[in-house]
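Quick one: the structure is below, and I'll ask about it shortly.
Naming follows writing order (A, B and C), and every chain is counted from residue 1.
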Amino acid sequence: MPSKIAFSPSEKLQRVRDKAPLVHNITNYVVMNSTANALLAAGASPVMAHAPEEVADMVGLASALVLNIGTLSAPWIDAMLLAGRAANAKGIPVVLDPVGCGATPFRTETTERLLGELRIAVLRGNASEVLSCTGCSGRTKGVDSTVGSLDVVEAAREIARKLGCTVAVTGKVDVVTDGAQTLLVSNGHPMLSRVTGTGCAATAIVGAFCGAGDDPVSDAASALAFFGFAGERAATSAAGPGSFWVAMLDELSRVRPSDLAVGARIERAP
Amino acid sequence: MPSKIAFSPSEKLQRVRDKAPLVHNITNYVVMNSTANALLAAGASPVMAHAPEEVADMVGLASALVLNIGTLSAPWIDAMLLAGRAANAKGIPVVLDPVGCGATPFRTETTERLLGELRIAVLRGNASEVLSCTGCSGRTKGVDSTVGSLDVVEAAREIARKLGCTVAVTGKVDVVTDGAQTLLVSNGHPMLSRVTGTGCAATAIVGAFCGAGDDPVSDAASALAFFGFAGERAATSAAGPGSFWVAMLDELSRVRPSDLAVGARIERAP
Amino acid sequence: MPSKIAFSPSEKLQRVRDKAPLVHNITNYVVMNSTANALLAAGASPVMAHAPEEVADMVGLASALVLNIGTLSAPWIDAMLLAGRAANAKGIPVVLDPVGCGATPFRTETTERLLGELRIAVLRGNASEVLSCTGCSGRTKGVDSTVGSLDVVEAAREIARKLGCTVAVTGKVDVVTDGAQTLLVSNGHPMLSRVTGTGCAATAIVGAFCGAGDDPVSDAASALAFFGFAGERAATSAAGPGSFWVAMLDELSRVRPSDLAVGARIERAP
C-alpha cells in the first residue's frame, strides 16, 4: 500500500528559488535553448559549456552538472568525462540523461562508460533508455520509450542498487528510487510527449533541485512533481504543442511553493 | 491548363499519423529544435544524430533521412555521406535541403557532392538554391531566394531530369516535379518567410510524408500543401512572427486529414 | 546634467527596415534560433555560418558580423578570427558579445584575443563581462552580471578609450560610449532577464543597426532602445517568460519608427 512522504516538495522548490543554483549543462543541440529557458523559468541559473579548456572551471562555479547524450559526438564525451570528474571532485551532484540509450550501440556504450567512470547522483530516462543502460530488455525506438514505466519499479530498484545511484524512470507514473526508498510521482500530462526536449528539461530541473538540495531521491521526485504539475497547468490553456510549451515556461515560473504543496502527487511505493 | 490530381493528400496525411515514421535528421543548429517540434506536431517521430559512430545505426531504425546543409562543417558532410549511403542501401528516401546553396562555393560544392554520391529522393529548396545546385543562373542572398519560383517550372523539370530525382522548389507557388509529372502547390502564407527555419521544417515534413509513403512527387506535394495550409490557419490568429510560429506548431497537430481534403490546393501543371 | 540627443533612433530603425542588412552571426548553440528570429522580426536578414571553408565568403555578402563566445570551442575561435579579418578588410562593422567573459580563463583569454587581433566596432556585454575583458574588477557568475551597470559609466569610457571601440554595457540603464560621446538608454524590462539569449539577441540587433548605419555609438544606442522598447511592449501582455518571448518577437516586427520616436529613452550622459 502506498504511503505518505516525509519531505516537502514545496520547501524544495522554495530552496531552488532562494538559491538560484547555477546548473552546468553539457547537453544536446536540439534542447539547449528550451533547457536553458526551463531552468531560468524555474528560478535556477543555466550555463552551457563543453570546451575541454573550460568545463572544469565552469563546474567550479556550478551547483550541479547535467550530462545529456542526445546529438552525441566523441569530443563531447571527453568533455562530459572531464566535467564529471571535476564535479565528483568538488562534490556536486551529476545528473545523467541517457537520451536514446538502446537505440544505437554508440549511445549505449557511452552511457555505460559515463556510469562506469563517474559517480552519478541521478540517472533520469524513460523506461527503455534506463533498461538499456544495463543490458536489460527494452528496445528504444529513436528517443521514445517502448516500455511502460510502471512495469519497471522492480527493474529500477535493481538498477539503482547495481549502479549505486538514484534512478528516475519517467512515464505515465515516474519511479524514483535508490534501491532502498522508492517514490512514485503521478504528476504530468500527455502533452509533454508532444514537445521535443521535455524529458531533457525535466532532467535539468532535477539538476536544479539536486543542486539546491541534499537528498537525490526526494529532490528528484520533487523536481518531477513540480515539472509535471506545471505541465498539468499549462495543458489547461494549450491549443496544441506550440502553445503548450509557451504556457509550460510561463507555469514553471508561476507555480509557487504553496501551489506545489497542494498539487504534488508523490507517494512512497509499497 | 492545370488539371486535377489523381491522389489524396488527406490519405497521405492519415498515413503519417498512422505510421508515425521515424525521421532521421542531420540538419543545422539553428533549426534543430523547431524541426523536431514540427515533426512531432505533424505526427512523425524525429531523431537528430550526426556522429559517424552511429548514423548508420540510426538510419537502420528510420523511415526517412533528411539532410540539411545550413551551419555546415566538414565533419558533418562526412556524416551526411555515411548516413546517406546507409539510407540508400536500406532503400529509405533521402531528402536534401541545400540551404544557402549558391551563397558560398562551400555550400554549392557540398550540394553537388551529396547529389553526386547519394541517390536523393527529393531536393527541396527555394528557387535560387535549386538553380545554384546545377550551375544555372540565380544568386542566393544569404539563405533567402532572389528568384521567383513560378519562373522556374521549366528549370525545375530540367534539373529533375538531369539529377534523376524529384525537385521541390518552394515559393509563392511550390513546384514539385520529377521531370515527367509536375505539381503546383499554392498553399502557404507570407508569414512563413518571417520565421527562421520554416523551409527546413517543410523539408522535414516532406521527409515524413516520403517515409510514410511511396511516391516522392505526390508525397512531397502533399507535405507542402499540408505545411502551407497549417501556415494559412496559423496566420489567422498571429500578431507577428512569434505568435505565428506557436500557432503553426499547434496547427501542424490540429489539421486533420478531412481539413486537408478541403484545404489542399494542388494542381497538375500543364 | 543629461541632455538631448542629436540623432533620430526612428530613422535608424527605418534604415534597418529599408536595407534589410544581412547579418552574419558566429554565435552560440543556445541562441542561434532565437537570434535568427529576432533579426528577421526586426527586419534584418540573418545568416549563421562557422566553417573555415566559407566564413570569408559569407562575410563578403554581409553588412555586419556578430561574434558571440557562448558555447565556445577552439575551432570556433579560428572561424571568428577568419571571419573577423575578412570583415575588417571589407570594412563592415564587427560586433562582439563576450558571453560569460570572466567566468572562465578560456572565455576571458578568447575575448582578449579577439579584441587584440580584430578591429571591433562595438563590444556589447553586461557589466561584469565587459569589466572582465580588460582585467578590471567584477566577477561573472555563469553568464549573468554581478555588477550594476550604472556604476560603470566611467569604467566603460576608460575601456572604450583603451580598446579604441564603442562599448555598450547593458543593465537597468544601458551605457554606450566610445570614450568621447556617452549615451544612456533606459528602455527595457526585467522580464528580459528571465529569458535566455536576450542579451545575445540585443547584440545581434546592434549588428543590424550598425550594418545599416555608419555611426556605432548612436547606432548601438538606437538598437538597444528599440530592443528595450519592444521588451516593454511585450511585457504588457506576458504571463511569464514563455509568452514574453513570443510577444517580444511579435513586437520586434510591430514596433514602427514612429513608435520608437516616442518610446526611445536615450540621453547624453553629462
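Following the convention adopted for this analysis, a contact is a pair of C-beta atoms (placed from the backbone, for glycine too) under 8 Å apart; a residue touches a chain by one contact, two chains touch by 3 or more.
Because the structure is a prediction, the values reported are computed rather than measured.
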Any idea if chain A and chain C meet via the same residues, over half in common, or different ones? different
If I superpose chain A onto chain B using their CA atoms, what angle of rotation comes out, to the nearest 5 degrees? 120
I'd like the Å distance between the centres of chain A and chain C, where a centre is the mean of that chain's Cα atoms. 33
Where does chain C touch two or more other chains at once, residue-wise? 29, 33, 245-246
Within their complex, state which residues of chain B touch chain C. 28-31, 33-34, 70-74, 100, 103-107, 141-144, 194-197, 238-243, 245-246
Sort out for me which residues of chain B touch chain A in the complex. 22, 29, 32-33, 36-37, 40-41, 45-51, 53-54, 57-58, 61-62, 75, 245-254
